[in-house]
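Please find the structures below.
Two complexes follow with subunit A in common, the first pairing it with subunit B and the second with subunit C.
Here is the complex of A and B:
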């Protein structure tokens, strides 16, 4: 756990200069907010792991068994990746960054916390994971409605997708990994396309079709894939997750997740 | 005897130390807010040390009214989410190229504005705001006096300012204006030939940014004809506490708080400014991102 904590801190410190390189007060604000949240989460991880080592005598990541330590480390990792209800920093931070750094934040910065989440998946509180997952999916859908800034829209999309990943973690971690991989691919596509078009608002997307019709079509398909529409790739993880939830006798949870996906699809389609 | 005199000496030294430092020793509980937040006090004015709980004026009726008002606002916000951004359909947001943000068409429009002058620092300028003829414009008028107050501290005086109030949503949360779809400020006004300064305040995060404003000049023509002023947002430069900053950056339009007009041209006498409306528009021909240099001063070689 100690080395994992060190790795997370180095990861945070490494991206801070990249975020602040724009020398604009909003970029500095985003960097500060990111640093504060990540440092808090890392401190909580260290605290939980130390508490587990003190009570159980074990520093192994996948041997964390004390209930309080497990809950604390789960909440800390949720704060790290921006799961609801610890998501408030993500839209503001993404809005203050340029598209390239936003891409790194949305994709690469999720890998390390997810590596830890996957390792502790067997010892986590199922009710907590379900709550985090459902809340994130709902908040991601609700918050993304009426967003006109593309970076904030992608932030709420990220929150919703993270909810899907977390909810299936306790039953089939492989599906979480699959969902994460597909999410990283789709989000990278979106960010890179928006970077090529140099657009950060939906108004500029509306005017893009005469200038770059191919790229506009690609963006449209990526958005539909993010929304989980068949036969695009983004449908696959959602389908498998709903199927697994149904197999685990959680029809209500599956229904709520499907409804929240409709909310997200609504703002993607607009 | 020697021990007693040594104890007496120590006690005397200790008492002297306490007396010497009694003026600097402050109670730990009361924090001097003025030192933190740069609160301005007129020379000779005593600091307000009333504890916050003594300033409460409890009123049950007012409390109920406040709860009703704020929950009503919250409900409206939740409902307008289903309509579109800022309660308007998305198609309207996508297609709009102009938006009138403030227009003066009735007494309630004046409630959104604050007028202040150097009276707050002891000066003698006056400024008033009223509706113009036929309730179709607002008139800011008054008299400037640049004689500084004789308080031994203030060196300069003679200004007046008209500033919009900060918009508030439910539970007095700050609400910002999103002008990111536009790139030009459009004002229809009628002045008296005096030079004004337009100040735009954006949402800030750090305490050292609380006095940051983005300014540009507004030269008015005197005369009976209305003046249409179009200023691109790329022309606004950053200043803090009235001083232009060396490190310049463009104004980000997604979180604008307030707009203001300041007159401080060191010319004593009456002034007046009529404003019909303040709008924003999207000038497609204007592609400049920022009008000023953003190079690094003193680069390392």
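Here is the complex of A and C:
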């Protein structure tokens, strides 16, 4: 666990100067917020792993078995990636960054915590994971409805997608990985296309059609895919996740997740 | 099945590679050839009911008429769009045709699907090209609102369907239609099962549309360009009916009690939407509400689950598809000339465009279900089976027939008879293309009088 904590701290340290490149006050503010949240989360991870080592005598990552320790670690990792109800930092931080750094934050930064999450997935509290997942999907959907800034929109979409990933963690971690991979691909597409068009608000997107019609079609398709419409690829993780949930006799959870996908779809469509 | 799918997909390279002046001609000709090829499906030889099967797709007497209707409509849609698209740059015209072709492919795969999940995916997939057609090529500013209504109504209904289907797959082990028709009836008693039943049907009822959830339809129809309206009215609504007929096989015996509120909604909707038609000023809106009314009758016929009800439903779906599409084309001819859909502005057309008046006459007579046209066959079958299910339904169906006759005649008289307003004297005469379009819509209707067995489907 110690090495994992060190890795996470180095990760945070490395990305701080990248985020603070732009000498804009909003960028500095975003950097500070990010640093604070990530440091808190890392400290909590250290605390939880020490507690586990103290009570169970085990430093191994996948044998963290003390219930308080697992809950703390899950919550800390959730804070790191931005799951609700610990998501409040994500929209503002993302807004303060330029698009490339935002891309790195949403995709690469999620990989490390997810690696840890996958490793502890057997011992986690199912109710906690389900609550985190459903709350994230709903918050991601509702929060994004009133946004016009594209970066905040993508932040809320990230929260919603992370919710989907977490909820299937307890049943089939392979699906979490699949969802993560597809999400990374789709979000990278979105960020890179937005960078090419240099637009950060919905209004500037509306003017994109005459400039680059092909790119606009691509953006539309990738937005619909993020929303999870068949027959685009974005539907596949949602379908498989719903299937797994149905197999586990959790139709209500499945329905709630499906309906919250509708909320996200609404703000994608704008 | 592949014989039809691959030429349809190959239409896409055709549109993008043909030189500019030949695009419309080649696409129309090729899609017409595909439509004629699809007529070979109508020959029913197999004993089990399913023929021309591949690993995932097959046709049976229930899906074949709808498939042929879909294939028949593609050349008609391309013909109809020719005029209003021509001022646009060529690449946009090509993308429009590509969208129509994509929609066609998804529809063929939906009607031909044997796995219910494949049907579901194609059902959802048809939403995307339709949404793009409505929002990108529609005519008024309200089209964005219409597109949103369309997408969200349909999706909100169909996401529970996905969950319900996945639960079914867990319980029954398969979702193939070939196998489900032979499984034992499941014991469905608890509240959770009742919610499952609603989940299965809700998507199709929204698509039909049922009276309570029909708000997306008039918006979508009015804002869509002509090809969009045609395909919406003719085929996409029938997707709902077809889905319902397939799903009800596995929904017994719950349907006997649970279907009551929906049947009542359907029957009440016939009268209500019919009456709305009588007070409409917008021509396309009138035809849209008449669609809701006919589909209410179809929904009633399917929900009571009798053989005559199903037969009537299929016949009415096919006949309504052709006639409704014909009416939308006629409304579009008016729209292209006056750029307005208000009924009052296009009165007295019989003096100026007499041949078009003939088509108006036949289409309106078909809409009000004149014997011996197939519209009447379908309506009569449904009304009789509803009557034998409960004698009280004759009140609403009889009244509904009366009101349908009322507004169809109203539509005819308003547009054709009466004094010709002075501003319409200088309208363009009818193009041959428009006459061809109307003929190709209405001649199959007339021919189906002679051999209705082609449409009757499974129950004869």
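Keep in mind that, in the parts below, the second predicted complex is superposed on the first by the 270 of 270 C-alpha atoms of A that agree within 3 Å, B and C clash if a C-alpha of one lies under 4 Å from a C-alpha of the other, contacts with A are read in each partner's own complex, and residues count from 1 in each chain.
Heads up, the rule we're going with is that a residue touches a chain if its C-beta (ideal position, glycine included) is under 8 Å from a C-beta of that chain, and two chains touch if they have at least 3 such contacts.
The model shown is predicted, which means the values in this text are computed figures rather than measured ones.
In the superposed model, A:242 makes contact with subunit C only, not with subunit B. In the superposition on chain A, contact of A:146 is made with subunit B only, not with subunit C.
Using the contact criterion defined above for the overlaid structures, shared-chain residue A:258 touches subunit C, although it does not reach subunit B.
Of the two partner chains, neither subunit B nor subunit C is touched by A:12.
When the two complexes are overlaid on their common chain A, residue A:266 makes contact with subunit C while staying clear of subunit B. Once the two complexes are laid over each other on the shared chain, residue contacts for A:95 go to subunit B alone; subunit C is not touched.
When the two structures are aligned on the shared chain, A:24 is found in touch with subunit B, with no touch to subunit C. Remark: subunit B residues 81-82, 84-86, 90, 93-94, 178, 180-181, 204-206, 209, 212, 247, 249, 252, 254, 294 touch subunit A in the complex. Within the complex formed with subunit C, the subunit A residues making contact are 224, 229-231, 235, 239, 242-243, 245-247, 249, 251, 254-255, 258-259, 261-262, 265-266, 269. Across the complex, subunit C meets subunit A through its residues 106, 120-122, 124-125, 127-128, 148, 151-152, 155-156, 159-160, 162-164, 166-167, 169-170, 192, 196, 199.
By the touch criterion stated above, subunit A contacts subunit B in their complex at residues 23-26, 28-29, 32-33, 95, 142, 145-149, 200-203, 206, 270.
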